[in-house]
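Look at the two complexes coming up: subunit A is in both, with subunit B in one and subunit C in the other.
After this line comes the complex of A and B, so read on.
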């Protein structure tokens, strides 16, 4: 019955040729005619080059790339498929060829002779698929001898596509609600529901820990304003209780903003305008409540987007951005919270979210947090800045239609890594990774539980 | 949006089979959607979850927190997955006629 349902959906919608692709596209923005798609793509590319900062990067990459293919050895997607189209520099070359031919000085002649870079609707369809088969984990960047950031090219490719009207429906629907909807968040949680959830969590903490831990809302002048992935308010009760109990035990002043409470920024996955608008909502709420710092919950892309782009999009005096992992580790070091070393007897491993670990920003802190109370800690190999992606990065985990791909292709290496540790628990501080890893655990029947770092802190903290 | 016919009931659904108008939900429709979610028969425990989800949705406009669902129905998450193999956020919500969850859910 479901098969016939999907069939009828495809035949009923516009742009059927693209619609059958790897991801479900938002149909309203999709140019129907192939020639219009080409023209829309080139117009968008031109505008982004004119008004953005990407030209110097493309100039550089267009000169230096050699397609040596060393990136292939780093990519878990290529490792799983063996398909040359999944090699990071193959994908990057698609965009660079278009840039050379259409936008680089004197590039037209050279491209004509090489017969490369002529943009067709079929080439756009190929880019749609390949840019969304990449999880933007940027592991290949570590291997490229010339330092090409293939993840950034994927980001740019998706940005151009989205400005040409081609973007995943799963992301657009959420962003529309976040920026224009009544609830102002990607999971469409109305404020009364948020408050009901917070009251419920407070009751749970009282029952569990015997302490009156509060989730403060709209407390003006707090040191930290807290932005988790808003989906945590539906899915990750233990993580949020862990966050709150740490802040409570250490006597930190913090608040949640009632007008804006979502750390998620899908702009990082596909569109710089969205990225900037979401950041301005975040900063606006922090300013409304006169908070001194932005505290980001357990979420890889939310952490990276706030850490990098709050300064980038603030004129002056950008608010400092702190991850809950940084703060909790500081509080442990300062002995402001106490953790019971017998509370977690199971074997625990840690999965690094790419958006936190690839740059080296958050690698040591979570390990030291866990190391301070978990007796049996075991690493995956490789790990830290060289970790493998969970397979759901770059927004893929929010696109249900990619499930099969995430299980059989992009998440395969991670599932094998987890199995080899023999761990009972995988801790990871990212809403995206948690969802993907839970699906992998189910798919590969791995005997492990997937939790957040603060879920374990919650079990161990003494108050 | 496509219109599907489930057990003689015509209803508009999205590409993942979530009904578009929560008000068009009925128990007969729930039983029909259940068949698409590997749930052959709706038992008393299924209905307990379904009615809880609908009541919460009608009050708050969103599905409840998973932990709250477990606590208030008295069912462990593992058991809810046994009842609804595609899980509380997808299968159970779909059968209960809630909109498709968005964001990182």
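After this line comes the complex of A and C, so read on.
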């Protein structure tokens, strides 16, 4: 399989298919003429340089990048394909060369050292493909001796492309519904359906745990307002019930907002305007209900985007952002919840979502939560901040057309990691990772169940 | 007086050194200023300086990182940098030259030590050059200046080393002229090449942190600039 994979990747057949699927025509119509596409890209790039904070970084990176290629050793996409174009630094150099040629003060002089500095329609096509073959896991950044963040360059590249009218349909459709649609969430769940669902979950919990656990909606003045990945309401009932039971058992005051209840923020993957608008919806709902803190559910990118950008976009007194994993671990330490150490006899491993672990933010907490009641816990290698991406990061898991790529290329290393643990259960606190890992488990026929951390907490909690 | 001595003591040589120093100083000041302006546009004021400093220092003393990935290349790169940083400033002749120009001096290292370090640097540099040529990914990434800069540094080290050996088969004066000219050329162009990382390195992780702090309203302003005050639909 590996041989055929390399062959197909080098011939870019699969890449071309993926590329076609990514082209998104704006309502106004993306210019068809190659020169117009180039012009649209350069105009968008110029505007982003003017208002964003990217110019100084591009200057800095353009002055120092040495193209040593060490980053290749960290990238699971390159490891799977052996394609030079999948080396993170190659992608970064593409954009830096264009910047140097078209926007740096050195201009033409600087571009003499640039291989591909002149922007062409073909260069745009190449960037579309390469920036969306990257899962933005930022593992390569750990291996760059100079400290170049290729994930940030991928983010910028996608941002420019999106403002030039090129972005994945799957993300656009979801974000459009979230910010401009009636339901105001990426899964298009209407409020009545959400309320029905919460009622159903309450009944389930009553039956399962014998306790009247509630999912409070629009409770003003609560300590926490809760934002999970909204898709959890459809697909991750056990995770949500686990969250609710913990909060109930510890006597925490919390609420779900009826006007906005989606933690997902695809802006982190491709567009700063979207990112900020989603953050402002989150903060707006928290302020409407006078919540003291924002609690983010089991979702990697939702956690990172809220943790990082609520303070970044708030003028004063930003609301504190807490991950549900941080809170549950605090409650265990404070002995406010009790977990049955015999409830999970299976062998469990933990997958670190990149958006939580890469910075070292959420690494120890889930391990300690699981360690407090799981008897047979085994680590993947490597793990923590140096973990491998599930292969569906950067929004790829939401794009069905990338399925084959995610299975055969970007998720291959993770599947092998899971196989080596011999675990019966993979726990991971991220809706995207869970979806990708379940597809991997099915594709590679691994005898493993993929669950959230709070799914296991739900099994073990004593109330 | 041989031409190379005249050249080494000439104002041109001093000019190359000044270009090197002032060019790099300009880059540092420019980068710090730009970064400050960028940070000012955000709401973030707390910077995890200690963490960023530790991460940067960890790569200056990369003992545990050398073998983690591309062990041969990493070891060669480390040796190459170490050789350049020790041999260049602590060679007796260089110390003398600097004293002649600027009146400042410091102790030099013993010649046998420097000779060994020079040979190691040459071997490491040759390995790096060959890696760029023969490693498929590296070759794809490399551009002309990557090869030329490495070749220029190897030329400087090679000519310098040979000129200090009694068995040197090449005419001494010609070799030294090559050494001085290539050395001056390198000093003069360093601020305009990727070797600027010698002074910008401590700023890269800090700059990356600052760049992740997106300024409020920047996304909206971009949309309005591109689509007018009405903005656009998603």
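Note that in this section the second predicted complex is superposed on the first by the 429 of 463 C-alpha atoms of A that agree within 3 Å, B and C clash if a C-alpha of one lies under 4 Å from a C-alpha of the other, contacts with A are read in each partner's own complex, and residues count from 1 in each chain.
FYI, contacts are C-beta pairs under 8 Å (C-beta built on N, C-alpha and C of every residue); 3 or more make two chains touch, one makes a residue touch a chain.
Quantities reported herein were computed from a predicted structural model and do not represent experimental measurements.
**Q** Output check: A:187 vs subunit B and subunit C. Expected answer is one of first, second, both, neither. What do you get?
**A** In the superposed model, A:187 contacts subunit B only, not subunit C.
**Q** In the superposed model, does subunit B or subunit C contact more residues of subunit A?
**A** Comparing subunit B with subunit C, the partner touching more subunit A residues is C.
**Q** With the two structures laid over each other on chain A, which partner does A:372 touch: subunit B (first), subunit C (second), both, or neither?
**A** neither
**Q** Counting only touches as set out at the top, which of subunit B and subunit C does A:431 meet: first, second, both, neither?
**A** It touches subunit B, and subunit C stays clear.
**Q** After the superposition on A, what does A:55 contact: first (subunit B), second (subunit C), both or neither?
**A** second
**Q** Could you say whether A:234 touches subunit B, subunit C, both of them, or neither, answering first, second, both or neither?
**A** Only subunit B is touched by A:234; subunit C is not.
**Q** Go through the superposed model and pick first if A:163 touches only subunit B, second if only subunit C, both, or neither.
**A** Touch partner of A:163: subunit C, not subunit B.
**Q** Which holds for A:79: it touches subunit B only (first), subunit C only (second), both, or neither?
**A** neither
**Q** Which partner does A:398 contact after superposing on A: first (subunit B), second (subunit C), both, neither?
**A** Touch partner of A:398: subunit B, not subunit C.
**Q** Jot down the residues of subunit A that show up as touching in both complexes, subunit B in one and subunit C in the other.
**A** none
**Q** Across the complex, what residues on subunit C touch subunit A?
**A** Interface residues on subunit C, with respect to subunit A: 27, 30-31, 34-35, 37-38, 41-44, 55-56, 59, 62, 65, 68-70, 73-74, 77, 135-146, 194, 196-197, 200-201, 203-205, 207-208, 210-223, 225-226, 232-234.
**Q** Mind pulling up the subunit A residues that touch subunit B in the complex?
**A** 1-2, 4-6, 8-9, 12, 24, 170, 173-174, 177, 185-190, 192-193, 196-197, 200, 204, 229-231, 233-235, 237-238, 262, 264, 299, 397-398, 400-401, 431-432, 435
**Q** Can you list the residues on subunit B that touch subunit A in the complex?
**A** Going by the criterion above, the answer is residues 1-2, 4, 6, 13, 15-17, 35-36, 60-68, 71, 89-90, 99, 101-105.
**Q** Could you list, by residue number, the parts of subunit A that touch subunit C in their complex?
**A** 26-28, 43-44, 47-48, 50-57, 59-61, 63-70, 72-74, 78, 84-85, 87, 89-90, 93, 113-115, 143, 145-149, 152, 163, 172, 175-176, 179-180, 271-277, 308-309, 311-315, 318
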